[in-house]
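Below, chain A partners chain B and then partners chain C, in two separate complexes.
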Partner chain A sequence: MRFLRLFLVFTRLGALSDLAYRANFWFQVFESLLNLGAALALVALVFSQTDQVAGWRLEEMAALLGVYFLVLGVLSMVIAPSLTRFMEDVQLGNLDLMLTKPADAQLLVSIQEVRIWKVVDVVLGLGLLGFSLARLGTQVGAAEAGGFGLALLAGAAIVYSLWLVLTTLCFWFIRIENIVMIFWSLYWAARWPVGMYPGWLRWTLTLVVPVAFAVTVPAEALSGRLGPATLVGALALAVFALAFSRWFWRVGLRHYSGASA
Partner chain B sequence: MTRLARLYGGLFRIAFLEQIQYRASNVIWMIGMVLEPIVFLVVWTSVAESRGDVAGLGPRDFAAYYIVVLVVNHLTFSWIMHVFQYRIQQGSLSFELLRPVHPIHNDLCANFAYKIQMLVILTPAIVLMIIGFDPRFDLQLGSLLAFVPALILGFAVRFLFEWTLALAAFWTTRTMAMNQIYFAVMTFLSGRIAPLAVFPDLLRDAAAVLPFYYMVAFPVEVFLGQLAPAEMLRGFGFQVFWVGVAAATIASAWRFSARRFTAVGA
Partner chain C sequence: MSPPAVRLRGLTKIYRVPVRGAGVREALRSLVRRETREVPAVRGVDFEVAPGEIVGFLGPNGAGKTTTLKMLAGLLHPTSGEAHVLGFVPAQRERAFLEQITLVMGQRNQLAWDIPVLDSFDRNRAIYGLEASDYRRTIDELTELLELGELLPKPVRNLSLGERMKCEVALSLLHHPKVLFLDEPTIGLDVTMQRRIRTFVREHNRRTGAAVLLTSHYMADVEALCPRVILIHHGEILFDGARTALVDRFSSEKTLVVDLGVADATADLSRYGTVVARDGARVTLRVAKAETPAVTGQLLANHPVQDLTVEDPSIEDVIDEVFREQRLAPE
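For the complex of A and B:
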């Protein structure tokens, strides 16, 4: 498990640098609790007026929020900081160094920076998810749990591929740090079930910037409304996205001529 | 007076030319700006459709509310709290302090320049929203006339209030936590998340005296003609009050705050 070993090394490096700023842990706890609190307050406000939104009950909506924060945590712990640094490295020419290392460059740039304090979002997301599942009661069986795991993996793969494709564009364009803003804006919209949105926005969140697969689809699996067709579709899209982003990355890399020399 | 006009003309021109370089970035920012009201609009519309109305508001009323919120939020927004910390940490405030005018003038001009450019990008999005969400506007000349001072005062409250809070960066290099509390409270109580009519009574009463409501929701409600003349007058009174409080704070705190500045990092 070369991947795991490398990941652990980068996690240790991240821990070493982040542990020097221990106060940041409390800032992260504060920030995450504030975000979660604001999201829950809004859900509470909406559900003070109704008992379901687009067919989702309060507990199901809370579970969806849990998934949202879980994926957000993973994203902002590893993928976002690593690929953001990759874009800087291309501008500054530091990528040359990375390319000389005896491991797959795509893997290295994707996990090179680990922000360990972001684990707070992961923990809070899992906590909220567990709490709302307990409130939902017996509904979640082995089939739902398995479907959830698969859907979450597929969603993570899709979102990762999207990030890789977006950031790989920096081989051709210099100033594109802002492009990931598009992702964050649309990801923010994914904290509601996509079925609620009008067609154009639902399709954007499903196919153009497919964040629906990372949040709504796994949450659907948990609440027992995920059909096998959607799950298979999500898995197929995940495989395709990984393959496509890999191919795109290679094309981009061939285009790279180094900026340091 | 002519000196001030010349100053603003010059600062505005510089800011405008500086920012026009970031057209592409602005289009990207526009997506997030437009998405926020659309998401809340869809949420409340779906609630309203399931039971007819929410606090007397139907789907088309929510559409009208959020389209106006988009415009008013854009016209009253400022980014000063995000940048002040960097100014102090990276020492760029030194250059601003060397100028013979208060730095707030430059911030104001940069803010206007950004808004004009952004309004050009926003207009097509607003037109599409009007076509797509079919809002119910019941416009009256009186409320449109009252909207102009309500908007200007709303901007003044928000800009001065945020400028005051930004001064905290002189005392601590970590203003992030305070900023985030401010933005969390502000998005709720300013009416960006929901019209105040759907809030519980306690929050609504709090919002009626705090400055946030007067930054966004009050001008919006004036525009939509939802307020009785007495409510409107009371609102204007609160706006003037909060502008006064914030302006007085800046006037008295600026000098001794800036004196603490030792150009970290320069």
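For the complex of A and C:
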């Protein structure tokens, strides 16, 4: 309840900040459409040569892209701006004041900055997802939808934990803005099903920077290729990732010494 | 007597800081092997602050003031020793503890830049879980005391530094903290605004009975607010007691201001003491404390004195003197 209330307040403040700069909305729409257009054009190009990529048909591929944009939107709406701000705050010492608040510090730094215009990506992702599901027709039943929901939650938890662990490193190293670039460059690869990549990259995307769980696995659930073992695995990994990142955050916080005033 | 609001026993903080030589070669070497050095910032500090007390916490840059405040606010874990604030151990950051304290840092801000002040207040209201009616009443009170009326609907980027600081202070008090840690709350403000903040702190303390631990570089803050001062230097406490006792104890001289009038305007007074300033017939002398009565008598007897005042040196001078002596003293 408390979480929800805080989240709503931060969303409201984010909306107020962003509304102060309306032009950004149109830039965001432009950027998102361009991204989506480019991604779709590439998919169309590939599928003009073949019927399947690593076993995925065109509609399934489009659904996967929908998931990709959905997750991208959520990430860049809340997680990425909040945790990026957190790294700045550690550098500048502004984290001090955040830590004097009677609320869970991990929660506060994770939702403190909401960029609402990024909702455009979420909307486009959902739109594309809905459209491709309609094209797929009868295939999606209750089981697939439930599996999709669970897989998406697990994927989001895993990606969030990864972000938290990466940014928490700034307690020790202070300046590590570059570290999140590692994430973005690999997230880019998640626009395609990981099954299509060579082994080493597939493993990297599954275990090292597990973006596969955020995009490919939920999309697999929708297209009915997700076995229960993978889903259970994803959920277990999500629980582990959340617990580990929480532990790591606490260790980091203990290590925090603040920028000298 | 009620238990102290703040109690420190042997509080110590040692930072580990990386060291490396100058130059690219050394910088490259430190990429793989980091050498660290221990820097004691606070060394075995003891003091107590009673509920409702306002205490000035003074020292030169790097003396350990901010480090101490940060340990008291739960931001830093002490290396050794213990701190208790309202009966809590700050480093455990318990919710009930954090709800009762506040930390204002003159050099940091928590108001969001692009949105009206009132909306930032709203964020703290949600974080502290304040009730609507109580929250509204507090805002009304603070608005009256700090004259915030026109500022609240403005985006922070349109405020002056002083206006922003007033809002920062108000923001930090929305939840009725029982202990206020104010770290240079008036830094960079003009004299009028400093005075406004000062008056406000005193009034707030009187109304709410909250304890205040204040650091400042402006002695006017200390003179106006703090009956008691604590001096810290190199992480150790040099003095803890009444502000007036500080002047008595550390200053061996008094200042005499003599107005000789036109008749004797050019008289040489250097045999009475050190002439510090001379402005026409007004002479400022520095005289050893013990000799002040005798010198005053002689001056009045030997010169056509129009006016004579005896003053203690300003607290600023005293503190400066204390720290200078400390620097000269062997460690």
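Going forward, the second predicted complex is superposed on the first by the 259 of 261 C-alpha atoms of A that agree within 3 Å, B and C clash if a C-alpha of one lies under 4 Å from a C-alpha of the other, contacts with A are read in each partner's own complex, and residues count from 1 in each chain.
Keep in mind that, in the parts below, a residue touches a chain if its C-beta (ideal position, glycine included) is under 8 Å from a C-beta of that chain, and two chains touch if they have at least 3 such contacts.
As the structure is a prediction and not an experimental result, all values here were calculated from the model.
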Do chain B and chain C fit side by side on chain A in the superposed arrangement, or is it a clash? fit
Tell me which partner A:V46 touches in the superposition: chain B (first), chain C (second), both or neither. first
Roughly what angle, nearest 10 degrees, sits at the C-alpha centre of chain A between those of chain B and chain C? 100
Figure out whether A:W192 sits in contact with chain B (first) or chain C (second), or with both, or with neither. first
So in the superposed three-chain picture, is A:G146 touching just chain B, just chain C, both, or none of them (first/second/both/neither)? neither
First (chain B), second (chain C), both or neither touched by A:I179: first
For A:G130 in the superposed arrangement: first (chain B), second (chain C), both or neither? neither
Check whether A:L108 is in contact with chain B, with chain C, with both or with neither, and answer first, second, both or neither. second
Looking at A:G227, would you say it contacts chain B, chain C, both, or neither? Reply first, second, both or neither. neither
Smallest separation of CA atoms, chain C relative to chain B, angstrom: 9
Need the overlap of the two footprints on chain A, from chain B and from chain C, as residue ranges. none
In their shared complex, chain A is touched by residues of chain B numbered 24-25, 28-29, 31-32, 35-36, 38-39, 42-44, 46-47, 50-51, 54-55, 132, 174, 176-177, 180-181, 184, 187-188, 193-194, 198-200
Residue numbers of chain A touching chain C in their complex, please. 2, 5-6, 9-10, 12-13, 16-17, 20-21, 93-94, 96-103, 105, 108, 254, 256-258, 260-261
Provide the residue numbers of chain A that touch chain B in the complex, in ascending order. 27, 30-31, 34, 37-38, 41-42, 45-46, 48-50, 52-54, 175, 178-179, 181-182, 184-186, 188-189, 192, 196-198, 201
Which positions of chain C touch chain A when the two form their complex? 15, 66, 70, 73-77, 93, 95-99, 101-103, 105, 107-108, 110, 112-116, 119-120, 122-124, 126-129, 155, 183
